[in-house]
Amino acid sequence: MTTLYFILVGVLMGNIAVGLIRILRGPTAADRMLAAELFGTVTVAIILLLAIVMEKPVYYDVALVFALLSALAVVAFVTRGWPNPEPGEQDDGRR
Amino acid sequence: MMGAADIAGAVLAVAGVLFFLAGTLGLLRFPDIYTRIHALTKADNLGLGLICLGAAVQSGSLMTALKLLLVWILVLLAAATGASLIAQTAHRRGIRPWARQE
Amino acid sequence: MADWIPVVIIFMPLLAAVLVFTQTVRGVAATLATGGFLLIGLVALGSEVSGQGPWLTWQPGGWPVPLGLRWQADSFSVVMLAMVSLVAVSGGLFATGFLPTALPSAERHFWTLWLFTWAAMNSLLLAADLFNIYVGLELMALAAVGLISLSRETEALQAAMRYFLVTLFGSMLYLMGVALLYGQYGMLDQAALAAVIEHGLANVVAAVLITLGLLIKTALFPVHFWLPSAHGKAPVPVSALLSAVVVAVCFFIMYRLWSGLFFVFLADQPAMVLGVVGLASIFWGGLQALRQQSLKMIVAYSTIAQFGYVMLVFPVFAAGGATVLAWHGAVMLVLAHGLAKASLFFAAGCLHIAYDHDRIRELPGGVGRLGWVWLAFALAAASIVGLPPSGGFVGKWRLLQAAVLGEAWFWAVVMVLGALLTGAYMYRGLETAWRPAAPAEAVRTVPGIMVAVTLFCAVGAVAIGFLAVPLESFLGRTFEPLPIAGG
Amino acid sequence: MTAFYLILAGVILAMAFHALMTRPNLLRKLMALNIFTSAVFLFLVTLARMAEPLDPIPHAMVLTGIVVTVSTTAVGLALLVRLYRRSGSLTLQSTDDD
Amino acid sequence: MAVFDLILGLLLVVLVWKSLSVSDLFGAVISFMAFGLLMAVAWVRLEAPDIALAEAAIGSGLTGALLFSTLGRLPHSEARQPVVSRTVRNGPGYWMTTGFWWVLAILLSIAFLFSLLDLQTPGLGGLLQERLPESGVLNPVTAVLLNFRSLDTVMEIAVLLLAVVVAWSMGTVVWPVKRTLPSPLLPGFVRLLTPFFLLVSFSLLWRGSHAPGGAFPSGAVLAAAGILLLLAGKTTRICPRFMFWLRWILAVGLLVFVFAGVSLMVAGYGFLVYPEQWAGALILLIEVSAGVSIGAMLMALYIGGEPDIHSA
C-alpha cells in the first residue's frame, strides 16, 4: 500500500517538474503564475498523500493552511505583481 | 490488511493523480493562456478533490473528513477566483486568444 | 545572586524603546532614564562580581543548562556594559544637538533604533547560549541597518544595503557553526560545551565558521570593506555607536569564544591565523587611513586598525607567558578605544556642523569653541595612538609586556610598528588644528552640548589610564575564561 | 535515509553562496540569502530527525529562524525599493562588494 | 522512501538553480516561491509539522506576497535584465571571479559535508520528554519556545518589532491605498474568505498548547487575511487615533511577554519561571497576545512603510 502511494507522490513530483518547463518557456508572466498555482495545488496533494502514508492527521492542517495561502499568492500576483508592460510593448509573448 | 476503505482510498488517489496528470499536460501543451487556465483550474482541482475524498475515506473520523472537504472547497474557491482574475486582466492587457491559422 | 540585575540591564532599554515607539515617552528622556537605571544595575552587578568571585550566572526560565538558557557575567562584561552605556548616553546627548541641524527628518525614528541597539548589545554581553547570541546578533544588525539608512541619501542607503547583506551572511555562517556544534554535542551553552569539546573535524569546521562569521561582523582584514562606507556615510552619532561599541561587542563574543570554548584549539595555528588577520588589519587600515581625505573616513579606517591591534591578544595567549597581563591589556584597549573612537567621531560631527564638510585639506584651524573640539580630538587621538598616560597606552603597554614575557617577539614588533602607523594617520587629522582660523562669519556655531560630550568622552578615554590600577584589581588577578560547567 | 538531506543542504548551500557572491542584482542576492538560510534550517531539522528520540529543540530554533528571516527579508525588500527610488538601479555600483 | 527523497532533492536543487540563474526576474521569483513550497514538503517528510505550518504561512504565503509587491514597484524593464549584464560577462576577469567563487563555494560545502561524517547527533529529545509534563503544555515545540527557551522567543518578537520600526523609519506609504481593482469578483471573494482565515488563525492559536500551531503560524495567517483585504481595496481612511492604537497593538506582544516575566520575578518565582499550576494559562495568555501582535507586525512589514494618513 505505501509503495503505491509513493509511486503516486513520485508522479505528482513529475507534475512539478513539468510545471518548471512552463516557467522557463512561459511567454507571459501569467503563464509563470499559473505554474506557481499548479505548484501550490500539487503541494497540497503531496502533503495529503504523505499524511495518509505517515498516518499523521496533523498534516491535514498544514494542507489547510496551504490551501488558504495559495489564494493569497494569486491575488497578490494579479493586483501587485503582474509587470504591466510599457505602453508600446505588447505582453503577449511575441518578443 | 487491505480493508474496503483502503482500497477505495487507493483507487480515488490513483484517479486523482491521473486528473492531475491531465491538467499539467494541458498546462504544457495548450497554445495560449486562456486554454491553459481551463486545464489547470478544472483538471487539477478535480484531481485534488479525489485525493481529498480518498484521504477522507481512509481517515475514518468525520471531523477529518469535514476538514478535508474544507481544504478542497478553499482550493476550489482560490482557483476559480484566480482563474477569472488572470483571464480578465490578461484580456484587458490585450493578450489575444490563440486562433488556428488556416 | 540578585535575579533582577540582568533583567534590568537587558529589558530596560527594550522597554524604553517600546515606550518611545508608542510615543508615550520622548526619546531623550527615555535614554537618560535608561542610563540611570543601568547605572544602578551596573553598580549592583559590579559589587556582586567583585564580591562573589569572577563569574555570576543566572537562569531565565529556571531550567537547568542543557534544556534552558543561561546568562553569565564577569568583570570584562561589567566593564563592557559600562562602556556601552556611557557611549550610548553620550551619543544620545550628542544627537540632541546634532540631529536638529543635520538630520531633522530622522529624529522621529532615531531614538527607537538607538535604544533597540543598546538592548541588543546588553543582551549579547550577558548571553551564554550560542543560539541566543545569534538572535542578539540579528537584533543588533537590523537596528544598525536602520540607523545607517536614517539619512536616506543614496550613499547611506547603499552603505546600509551592503552592511545588511554582509552582516546577515556573517550571522548565517555563525548559525552554521552553532548547528554543527549542536549536532555534535546536543548542547548550546558555552560552559557546557567547553567541558566536553575536543579535537575533531566537526568542531574545527564549526570553530572556523563561527570565527569567520564574527570576523565579518568585526570588519577585520579579509572582510572589512563594508565598514568604511557604513561608518563614513552614517549620521555621526550612529558612526560613533557602530565604531565604538557595536564592533567591540562582536569582538567581545569572539574573545569569549576563543578564550573559553575554543581555547583548547588555540594552540598555535588558529592563534597564528587570528594574529595574521590582526596584523593585516592593522597595516591595511593604517595605510588606507593615510590616504583618506575626509576626517570621518580616517576615523572609520582606524577602527579596522585598532581592532586588528586587539586581535593580537590571541597569539600572545597561545605563546603562554602572562595571560593575565594580555587579558588586562585587551580589556583596557577595547575600553579606551571605545571612548576615544566615540570622541573622535563626535569631534568630526562638530566640525561638520561648523564648516559643513570635513575634508582635511580645507579644514581651517579651530578657535573659541572649536578649540575645545580640537583639544578633545587631540586627547582622543593620544589615547588611540597609545601615548602615556592615556588608557590606550596602558592597554598597549600591558599587551606589549605580555608579548615580551611570552617571548612572542614577532608580535611585539608588530605592536610597536602598529602604534607608529596609528600615530602617523592620527597626526594627519591633528595638524589641521594649527592652521589659521577661518573668518568668524564662515563658521556656524556648534551647540554646546556637542562640544561638552566630545570633551567628556576624550577625557574619559585618558582618565582610564589614570584609573588603571583600581580597574585591574577589579578585573581580577586570575585568568578565568569560563564559569564552572552547568553552574 | 535522512542523511541524504545533509548532502542536499550542502549542495544548496554551495549554490546559494555562489549566487550571493556573483549576482549583481540585489533582489537575486536577497533570494540567494533566503535560500542559504533555508539550507541551514534544512540541516538543523535533519539533525533533529537523526537524533534518537525526535529532538524538538532544533525545531524551535528553526521556527525562531524563520520568523527572523522573514523580518530581515521584509526590511531588505523595503530598503531595496527605497534604494531603487533614489538611485534608479538595482545594483551596488561603486565599490565591489562581497 | 529513498526514491521520494531523491526526487524531492533533485527538484529542490533544480528550483534553486532556476531561481538563482534564470534571466527573467519574474521567473526567478516564481521558482523561489516553488522552492518554499517544496521545502514545506521536506519539513513534512522530516516530521516537523510546526515548521511545515510556519513555512506554509510565512515562507510561501507572506514572502511570496512581499516579493510580488516589490516586483510591482519596480518597472517592467528591470525584471528582464540578464542575470549578468553583457558588458560584465565578457569583461575582464569575469570567468576568473566566477570560477573563484565556485571553488570557494564547493570548498565551503565540502568542508561542511566532511565534518558531518562523524556527527553523533545525541539530541535532547529524551531529556525533554522527561521534563515536558512540568512545562504546562503538551506540544514539545511550544514548550521549548515558550517555557524552556522563552528568552529566545522574547528576543525574536523584539526582532520582528524592530523590523517594523526599521521599515517605518525608511519612509512613509500613501494610505489608504487607491488601486483600480481588476474585477468586482475580488472584493466578494475576499469577503467570503476572511471568516475562514480568522477561523483557521484562531484554531491554530488555540491548539498551540497541545498540537502543532501556536502564535507564529496563527499570526501569519492573520497577516495573510489583512493583506488580502488590503489587496481587495478594503482600506479605509485611518484617523490619527487609530495610528496611536496601531502602535500599541504592534507592541503588545512584546510588552505582555516581558511584563509576565517581570511580574513572575517580582512574585518571587524568578524571571520567566512559570509556576506549574499557572504555566498553561500564562503561556496561553502570552500566545494570544503574541499571535495578535505578530499578525499586525507582519501586516505592517508587508505595507513596507509608515502609513501616511494625511496624504490621500
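For this structure, a couple of remarks:
Each chain carries a letter (A, B, C, D and E) given by its place in the written order, and its residues are counted from 1.
The rule is simple: a residue touches a chain if its C-beta (ideal position, glycine included) is under 8 Å from a C-beta of that chain, and two chains touch if they have at least 3 such contacts.
Keep in mind it's a predicted model, so treat the numbers as computed, not measured.
Apart from chain E, the touch network of the chains falls into the groups A, B | C, D. Counting only chains that touch, the fewest steps needed to get from chain B to chain C is 2. Taken together, chain D and chain E share the touching chains C. Placing every chain at the mean of its C-alpha atoms, the farthest one from chain C is found to be B.
Among all pairs of chains, D-E has the largest number of C-beta pairs in contact. Per-chain Cα centroids separate chain B from chain E by 28 Å. With centres taken as mean Cα positions, chain C sits 48 Å from chain A.
Inter-chain centre distance (chain A to chain B, centres taken as mean C-alpha positions): 11 Å.
Counting only residues that touch two or more partner chains, chain B has 70, 74, 77, 81, 85, 89.
In chain D, the residues that touch at least two other chains are 13, 47, 51, 55, 57, 61, 64, 68, 71-72, 75, 79-80, 82. Among the residues of chain A, those touching two or more other chains are numbered 19, 33, 35, 51, 61, 64, 68, 71, 75, 78, 82, 84-85. Contact between chains, per the stated criterion, is found for A-B, A-E, B-E, C-D, C-E, D-E.
Here chain A touches chain B in the complex through residues 1, 4-5, 8, 11-12, 15, 18-19, 21-22, 28, 30-31, 33-35, 37-38, 41-42, 44-45, 48-49, 51-52, 57, 60-61, 63-64, 67-68, 70-71, 74-75, 78, 82, 84-85, 90-93, going by the rule given at the top. Of all residues in chain E, only 1, 3-4, 7-8, 11, 14-15, 18, 22, 26-27, 29-31, 33-34, 37-38, 40-41, 44-45, 47, 49, 52-53, 56-57, 60-61, 64-65, 67-69, 71-72, 75-77, 79, 179, 181-182, 186, 189-190, 193, 196-197, 200, 204, 211-213, 217, 221, 224, 227-228, 231-232 touch chain A in the complex they form.
Chain E meets chain B in the complex at residues 182-183, 185-186, 189, 192-193, 196. In the complex of the two chains, the chain E residues touching chain C come out as 111-112, 114-124, 127-128, 131, 147-152, 155-156, 158-159, 161-163, 165-166, 168-171, 244, 247-248, 250-251, 254-255, 258, 261-262, 265, 269-273.
Across the interface of their complex, chain E is touched by residues 70, 74, 77, 81, 84-85, 88-89, 92 of chain B.
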